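Take a look at these structures.
Shared between the two complexes below is chain A, which has chain B as its partner in the first and chain C in the second.
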Partner chain A sequence: MSHGKNERMFVRLTKSQRIQHVILFVSTGLLILTGFMLMGERWVIDMFGSAGNEIFYWRGIVHRIAGVAVTLVCLYHLGYVVVQEEGRSWIKDMLPRLSDATHASQNVSYMLGFREARPKMERFTYIEKVEYFSVYFGMFIVIVTGTMMWTEQYWPKFWLDVADAFHLGEATLAALAIIIGHIFSVHYNPHVYPMNKAFIDGKISESMMKEEHGLWYERELERLAAEEAEAASEGNNNA
Partner chain B sequence: MHDHHSDMHPLKRLLIDILMSSLFIMLAGFALWLLWITFFRATFDTGLVTANEQTELERIATGAGVSNEHFHNVDQAVLEGAESLSLCLKCHGNYPHSKAPDVRAFLNAHAFFTACEACHIRPLDSDNIAYRWLNKKTGAELSKLEGKPGSYGAMIVPIKIVEGVGQRLDESTDRAFIEEYLGLRAVFNADQQAEAKVRIHKEISQKPIFCDECHKKSGVLNFRSLLYPPAVANRLETGEVASMITKYSEFYLPTMFDPASKVRGRRNRPQE
Partner chain C sequence: MKTKHTARNITVALFLLIAFFILFIPTTVLAVDDENCLMCHKYAGLGRYAKSEEQKAIKRIFYVNEELFKASYHGKLRCKSCHNGVEEIPHTDVTNVDCATDCHLNDPSTGRDFSHKPIVDDLKKSAHGEDGAKSENIEDLPKCKDCHSNKPYQISVDKDLKSMQFIKVCNECHESEEWTNRFYKHMFYRAQTRRPSKQVVALCSKCHADKEKMERHDLEVVVGFKDTFHGKAIVYGDEDVANCLNCHASYQMGFSPHRITSHTESSSPVHPNNKLENCSQAGCHANAQEAFAKKGKVHPSNVVVERVDEGGITISEEEQEFQRWVLDMIALFYKILIIAVVGGLGFHRLADLYATHRERKIALRAAKLGRHSS
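Up next, the complex of A and B:
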């Protein structure tokens, strides 16, 4: 997908959303790194040599700090989608609808060559909605089980074993989903390679918006036109 | 804003491609590793065999591998029968260590594969003592360790070597006296019992050999001459076992669970 240098840009992510995303991905990256160190191959751990004890001490500290950060940003986000206006608009557009099923089947047909064009999709495609709510599901599991393991003295061994299995299982699922799904779509997908910069500047180009979020694009144009008309009429009234 | 990849300077594009390809390889490798640990990796790495220990691999290949499992929750006396019980246990019982609640389980676990005299006779500097695994039934010296840790059907016995002849220190030269005493002790009064006990325990050292005197480098026991493979010997000398003892001796947990001990002061550990 090519974008001209002087192309019209639309807002994809607000400043608050970008900050939440940065906190989420930095702490998740640290959590994956420091968490899977516990599953490390022996020969890799042996390479730490005598520094190993110190490194693993800090591993635990960093994992807990990042865990707290990710918990706080999740709690903040829950408040954000209820209290703030841009948050309410976000969650309203994110809720699954019947049209998502239609878009999914149409998109699969397109990819298999049975349809001429991609379906026109909303602000959030059905794939993005699944990704977004997977984070709710996953965060619920890792935060609950992580808290249990942090307060291990209060739990029976059986429930700690359950928590351990769920924590590792969800972490593996999440790490694979991020690498295979998310990293592909924001880095290696030819539309955006080498990087979709929306998470930095919050902007989406008109051409990409048309291609991937056709319905949202039409909606935005209507909204902007209505706003302009209103401003114009207000200007006339004032005059 | 969105730089068109193909509009870039060729060198910049090449650099980005190299960076993104390396990142791709790393991510793909990590993803494959996740699949590996989830579905294919063995659940417990014994740490017994490492790549640079060819002798270890050879040992395993010849079927002489020593298992590395824990022996907790297994009563060795039940598993192996009581026919080889030491004479000491006739008075002191199957679980002879009871005074120090925080370490007695370790000591009693050791009692199933270590002769009492191995710890309770402290050799003089002039003594020439060898510690060997001897079969509990036949007394023959083991030439290799087979079976679960501690359950080799043998125990570590101190052997005093005098002019080239070995004498087992766990076989009392006073056995007849002790057995006769066992028959008589019910009718002995406290003073008489005490007098007999002095003779029975005359070889026993006041201060036994404590955990960290063996579980260290160049300690009382040479774990290599006790047939342990180098990796296990290291573990017993400097690895988890030794560091656990170090931590244990400064450990706060048992005091926490036993508030009475704070009144008594630190409990009567063997070395104190």
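Up next, the complex of A and C:
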């Protein structure tokens, strides 16, 4: 794929969405790092030497701060998709539809070479929807079990063992899904290598939009045309 | 005549030389070693090969490094205070060291001879002693030396300004600097450090993680502790989390490692009735609830052990099995989920790369055709 330098750009992520994304990925990164520090084998931990104790102390503090940050951003997002106009349009486009299954099968057969072209997809592709709702599922589990382990003295020991097992399982799943599913396919992707800059500037190029979100592209063009027409008619009226 | 003179001079010189050695060189040795043990034991090569109980050759070293010994906990004691017999050479009359003997050192708190006998008696009655142990295999039980060795004090007075000032104050009244140094080290070694948690875990694991040994005594092998939060924190060097002794022989609850008892004894801090108090020790889980302390195992093991105790069983065998089954199921659930998700995403990613590769080829061909036609 080649991108024209002066290509037309569309808005992919608004400022609020980008800020939510940054908080989410910075704190998730810290959580994965500081969490898996507990899973290290002895020889790995021994490499910290005499600094180990200090590192262990800060590991706990950072994990809790990041945990609180991630919980807050999740709660904010829940409010965002209910209350704000922008959020409501986001969740409306994100809800799974029957067409997602069709798109999935069509896209897979295209990638394997059984079809001539990619299906025209909506604002959010089936894989993006799966990823998005996985975060709901995962966050629910890690936040609940994490809170339980933070208030450990109030829970039966066995419940804590269960919480621990879920926390670890979910964290492992999330870490792998983020690396393989998200970083590899959204960022480390030949179309956008070395990264998809949409998370920084919030923009998507026309060519990429056409290829990956064909239906949304058509919808956006219509909307923009309608807006222009409205503006023009308003201008005429004023004149 | 002249030769006779020379011979006499040489004799005198030799005499003086020997006298010099006797008078001056050994003075430092003689000062502590009035039993003259170091005459032989100062030689680093002193030792022999012997047979162990398992008929294996072992090296026995009889060398004593005077400097290290003097700096050690027992550095002020005479050799014969601990090594009884030793009247004949070679020492065929020597008996094993018994820590319960009076060591002819004045105990300033009582004025009597000091002895470790009370501790040895405690140990005898504990789970680790001949009288307290439930097992018949008493030869496996730990002896004093299995846990304790006569190490030099790990406290450096000369590098620490505060310590140096402290000792200067002592020396205003007390004459022997060597004594104040030793006394200071003794007090502050006790005050500052107990055995680091890493060492405690390693020490207990020597036996309690030994499957064969534990089977001989019908005891649970401790395998799960290293994976617990406490276990990991200890590996990082955190001294604030519980090691084996903090729960099984907590000083706060009036225990000492020497009085350790089986968890089935009603007096044990890890007995169901005492667990809540044990977990909520100062500095630990202050607001611990009943269920936190009771329902579950702190360090899971592979074996389900029958728990017989007077105060009722906290977790029955079935419950233990059920708990393990639930945890295994959660792990299995995530294993399957991870394989499915990672496999699915990986497949999708590879397929996408394959598609991109095809698109590139087509684009290249189109570009070539374009060049040809123009």
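To be clear about the criterion, the second predicted complex is superposed on the first by the 239 of 239 C-alpha atoms of A that agree within 3 Å, B and C clash if a C-alpha of one lies under 4 Å from a C-alpha of the other, contacts with A are read in each partner's own complex, and residues count from 1 in each chain.
Going forward, contacts are C-beta pairs under 8 Å (C-beta built on N, C-alpha and C of every residue); 3 or more make two chains touch, one makes a residue touch a chain.
Quick caveat, the model's predicted, so the values are computed rather than measured.
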item	value
Fit or clash - chain C, chain B, common chain A	clash
Partner chain(s) touched by A:215 [first = chain B, second = chain C, both, neither]	neither
First (chain B), second (chain C), both or neither touched by A:52	second
Chain B versus chain C as contact partner of A:42, first or second or both or neither	both
Contacts of A:183 with chain B and chain C, given as first, second, both or neither	first
Comparing the two partners chain B and chain C, which touches a greater set of residues in chain A	C
Contacts of A:91 with chain B and chain C, given as first, second, both or neither	neither
First, second, both or neither for A:170, with chain B first and chain C second	second
Chain B versus chain C as contact partner of A:162, first or second or both or neither	second
Partner chain in contact with A:201 - chain B first, chain C second, else both or neither	first
From 255-263, 291-299 or 309-317, the chain C stretch with C-alpha clashes against chain B	255-263
Residues of chain A contacting chain B in one complex and chain C in the other	2, 42, 46, 172, 176, 180
Complex contacts: residues of chain A adjacent to chain C	1-2, 38, 40, 42, 45-46, 48, 50, 52-53, 55-57, 59, 108, 110-113, 127, 152-162, 165-166, 168-170, 172-173, 176-177, 180-181, 184-185, 189-191
Partner chain A, residues of chain B touching it in the complex	1-2, 4-6, 16-17, 19-20, 23-24, 27-28, 30-31, 34-35, 37-38, 45, 47, 50-51
Residue ranges of chain C in contact with chain A within the complex	226, 229, 232-233, 235-239, 279-280, 285-289, 291-298, 300, 323, 326-327, 330-331, 333-334, 337-338, 341-342, 345-346, 348-349, 351-356, 358-359, 363
Complex contact set, residues of chain A against chain B	2-3, 5, 7, 9, 36, 39, 42-43, 46, 172, 175-176, 179-180, 183, 187-188, 192-194, 197, 201, 203, 205, 208
